[in-house]
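What follows is a group of structures, each given as structure tokens.
Next, two complexes with chain A in common: one pairs it with chain B, the other with chain C.
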Partner chain A sequence: MYDVVIIGAGPAGLSAAIACRESNLHVLVIDEFPKPGGRLLGQLHQEPTGEWWNGIEETKILMDKATTLNTEIKCGISAHHIEKTDHGYSVHTNEGVFESENLLIATGAAETAVPIPGWTLPGVMSIGAAQVMTNVHRVRVGNKGVVVGVNVLSAAIARELQLAGVELHSMALPASNPVTKNHANPRKVMEGLVRIAHLAPSAFIRFGSKFAKAEWVRNIAVSFYPKGGVKMWGMPIHIRKAIVQINGTEKVESVTMCDITADGEIVKGSEKIIEVDFVCIAGGLYPLAELASVIGCPFQYVEELGGHVPVHNEQMETPLEGLFVAGNITGIESAKVARAQGTLAGLSIVKQKLRDHKDINAKIQQAVANVQAVRDAASIQFHPGIDEGRKKIESAFEEYKIS
Partner chain B sequence: MDKLIICRCEEVSLEDIENTANKYSCSARELKLRTRAGMGYCGGRTCRPAVDAVLEEVTGEKPGNDIPLKVQPPVRPVSLSVLGGKKR
Partner chain C sequence: MTNNRITDHPVLGKLENQTPVKFTFDGTTYTGFEGDTIASALLANGIRQLRVHEETGAPRAIYCNIGHCFECRVTVDDTDGVRACMTTIRENMKVDSGKLQAVPFKSKPEEWPRTYAEFEKSSKKDGVPHV
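Entry: the complex of A and B
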């Protein structure tokens, strides 16, 4: 019997494990990927300060701490079911069942697909898959590609592909359909672009200052968007062009690109064929909460957090006793926030276990404040209104407690 | 233009979902059960948000707080021997 089983060895799960081991809890961390680190492993970007965020280095720091504290971490193990027992939880995996008093689900986020005609051809991949192939497995994804979907994640990863020497023709929007609609609307996309303008300090400054935060400025920017796209790191970003079809018989051979109006309507007769051998689709992220759903944790739909999230409070507790969540499962935010949330969840688990632990409340308060401070300073923000989203989920927790 | 596939595992197209919705004017849940969209090998991890978006469009139902068509274990493909209690 473990004090806590942690599902997911990303920044949230690892930080939580460290906090629990510091109080000598009996901890097991499992992850289905062959290596620990979660999504950190693929990350490489420059902060506005000019400093580089290198996920492999960050993973190493966390793993060094965890190893010094003799943390049991098993990789290559998938949890496929969880059950409530009299003493806690049973975690069912492909390596047997693990019993634990407490459970932390830190399974991160999954990518939202962007279905456009031809997206099932070999050579089409999600932007996250391209990131993992390039930065984790060091495999060249193709010779020349195009990115479909313009958002904070795809811009950051497009840059990583460029740094690895992979040629990208451009980034453009997906053709509009019931699934892609927001990602295919230039006005909506522009709102998002304003939030990433600061990401690339030098090359991007002119771009950023062009699109101020005021809505009327954005409207003008959308209406008069340059035909050749706006260049970021030498690569054109198009928000007035859409990929309407991916072509090929056995694999990707080309894409068909069209001009679109400021509202995303296709301009007839503007089709152009662009030869590429791979396509990255980027529809954003959603919390991967399947295990919390299986165990019967209540959910709340909060758009600002990326979709359905398990109900939880500021201390990362869910309404189910002994069940905790941390990281992107609680809402899509950057790795630094996930890491801070992990520490907080770990401390909450310590409190649950060692009920009379004296200074733990002070530590928890400090960790709550730290999560907020990291959030406020985050250079990558996936959704606007993250603070409102967080408030919604907390009040859902309060209501749940009362009812 | 080719059919636009929404659920890859079960090869369900946008057209299939729209036709089924029009023919039976059914709930999101019934639509999934009729077309099998979201019920394939990947357990819907690939297409769930896409299927939900199409369902919202065709049925006009906004996403509620409950996950549409509850997630069922196992959430990963597992062999029968593992389900039967053996390791691997």
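Entry: the complex of A and C
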């Protein structure tokens, strides 16, 4: 019987494990990926200060700490079912059942699929797939590609592909359909671009970031968007062009690109064939939360957090006794926030297990403040309304407690 | 032989001192590096296609590369449905691509029920309630 089983060895799970081991709890961390680190492993971006955020190095720091504390971490194990028992939780995996008093689910996020005709062809992959291939496995995903979907994640990863010497023709939007919705709407995409503009060394975009806070300016920017796209790191970003189809028989051979109006309507007769051998689709992220729903944790849909999230409070507790959540399962934010949330969840688990342990309450308060401070300072923000989203989920927790 | 390795990287540095690992894919021997997944080792060798769609035979490869979509399922040492993107290669591992399957009750998409109500109606017709 473990004091806590942690599902997910990403920045949240590892940080929580460290906090629990520091108080000598009996901890098991499992992860289905062959290496610990989660999605942190693939991350590689330059902060506005010029410093590199290198996920492999950041993972190493966490792993060194966890190893020094003799943390039991098992990789290559998938949790596929959880049961509530009289003593806590049973975690069912491909390597047997693990019993634990407390459970932390830190499974992170998944990418929203964006179906466009031809997307099942070999050579089409999600943008995150390309990130992992490039930075973790060090394998080129192709010779020349196109990125479908313009958002903070795809812009960051497009840059990572460029750094690794993989050529990209451009980034463009997906063609509008009932699934692609906002991703295919130039006005909505422009709103997002404005938020990542400080990461781009382009005068045009920096101009945008200063002035396009007002909707009318953004509308002008969308209406008069340059035909050749706006270049970020020398690569054209098109928000008035869409990929309508991916072509090929055995694998990707080309894409069909069209001009679109400011509202995302396709301009007839504007089709162009662009030869590429890979396509990356970027549909954004959502919390990977199925395991929490399997044990009956209540959920709330909060758009600002990226979708359906398990109800939880500021201390990362859910309404189910002994069940905690941390990281992107609680809402889509950067790895630094996930790490801070992990530490906080770890401390809450220590409190749950040891009750009046030393100055635990003061430590928890400090960790809560730290999560907020890291959030406020984040250079990558996935949703502008993150604070509002956090408030919504916390009040859902309060309501749940009352009812 | 295709080599899609990123050996030099301006920030991540050089890829050095890798341990080679041999495995087979559909009977052909390939070499990857220790720590590679089946998917990454194959792509490093220029192989994208991992399976065909069981019914249509259409070619398929990785999509998410992190275990979520199951598009990459292959057969490893005679166990089928293994995710190529989550499984590390081992010396002499036998990997086979996902194959076309027999379809005992072939139907045309036009015949598929579009809504649950339609589905219920069609199954009631046979007098067999759906369980």
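By our rule, the second predicted complex is superposed on the first by the 391 of 403 C-alpha atoms of A that agree within 3 Å, B and C clash if a C-alpha of one lies under 4 Å from a C-alpha of the other, contacts with A are read in each partner's own complex, and residues count from 1 in each chain.
Keep this in mind: contacts are C-beta pairs under 8 Å (C-beta built on N, C-alpha and C of every residue); 3 or more make two chains touch, one makes a residue touch a chain.
Fair warning: this is a prediction, and the values are worked out from it, not measured in the lab.
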Review point. Which holds for A:Val141: it touches chain B only (first), chain C only (second), both, or neither?
Key: second
Practice item. Applying the touch criterion given at the start, work out whether A:Ser293 contacts chain B, chain C, both or neither, answering first, second, both or neither. Key: first
Check your understanding: Now for A:Asn54: first (chain B), second (chain C), both, or neither, which partner does it touch?
Key -> second
Point to revise | Touching partner for A:Gly385 - first (chain B), second (chain C), both, neither | key: neither
Check your understanding: After lining up the shared chain so the two structures overlap, which partner does A:Gly229 touch, if you call chain B first and chain C second: first, second, both or neither?
Key -> neither
Exercise for review: In the overlay, answer first, second, both or neither for which of chain B and chain C A:Phe33 touches.
Suggested key: second
Review point. Which partner does A:Tyr301 contact after superposing on A: first (chain B), second (chain C), both, neither?
Key: first
Review point. Can A:Pro117 be said to touch chain B (first), chain C (second), both, or neither?
Key: first
Point to revise | Partner chain in contact with A:Asn94 - chain B first, chain C second, else both or neither | key: first
Point to revise | Shared chain A contacts, counted only where both chain B and chain C touch the same residue | key: 32, 78, 110, 113, 120, 288
**Study point:** Sites on chain C touched by chain A in the complex
**Key:** 4-12, 15, 35-37, 40, 43-44, 48-50, 53, 58-69, 71, 85-88
Point to revise | chain B partner contacts - residues on chain A that touch it in the complex | key: 32, 78-82, 92, 94-96, 110, 112-113, 115-120, 177-179, 181, 245, 283, 286, 288-291, 293-294, 298-301, 307-308, 396
Practice item. Flag every residue of chain B that touches chain A in the complex, lowest number first. Key: 1-6, 8, 14, 43, 45-47, 49-50, 53-54, 56-58, 63-67, 70-76, 78, 82, 87-88
**Study point:** In the complex with chain C, residue positions of chain A that touch it
**Key:** 32-35, 39, 44, 52, 54, 56, 76, 78, 110-111, 113, 120-126, 128-130, 132-135, 137-141, 163-165, 250-251, 288
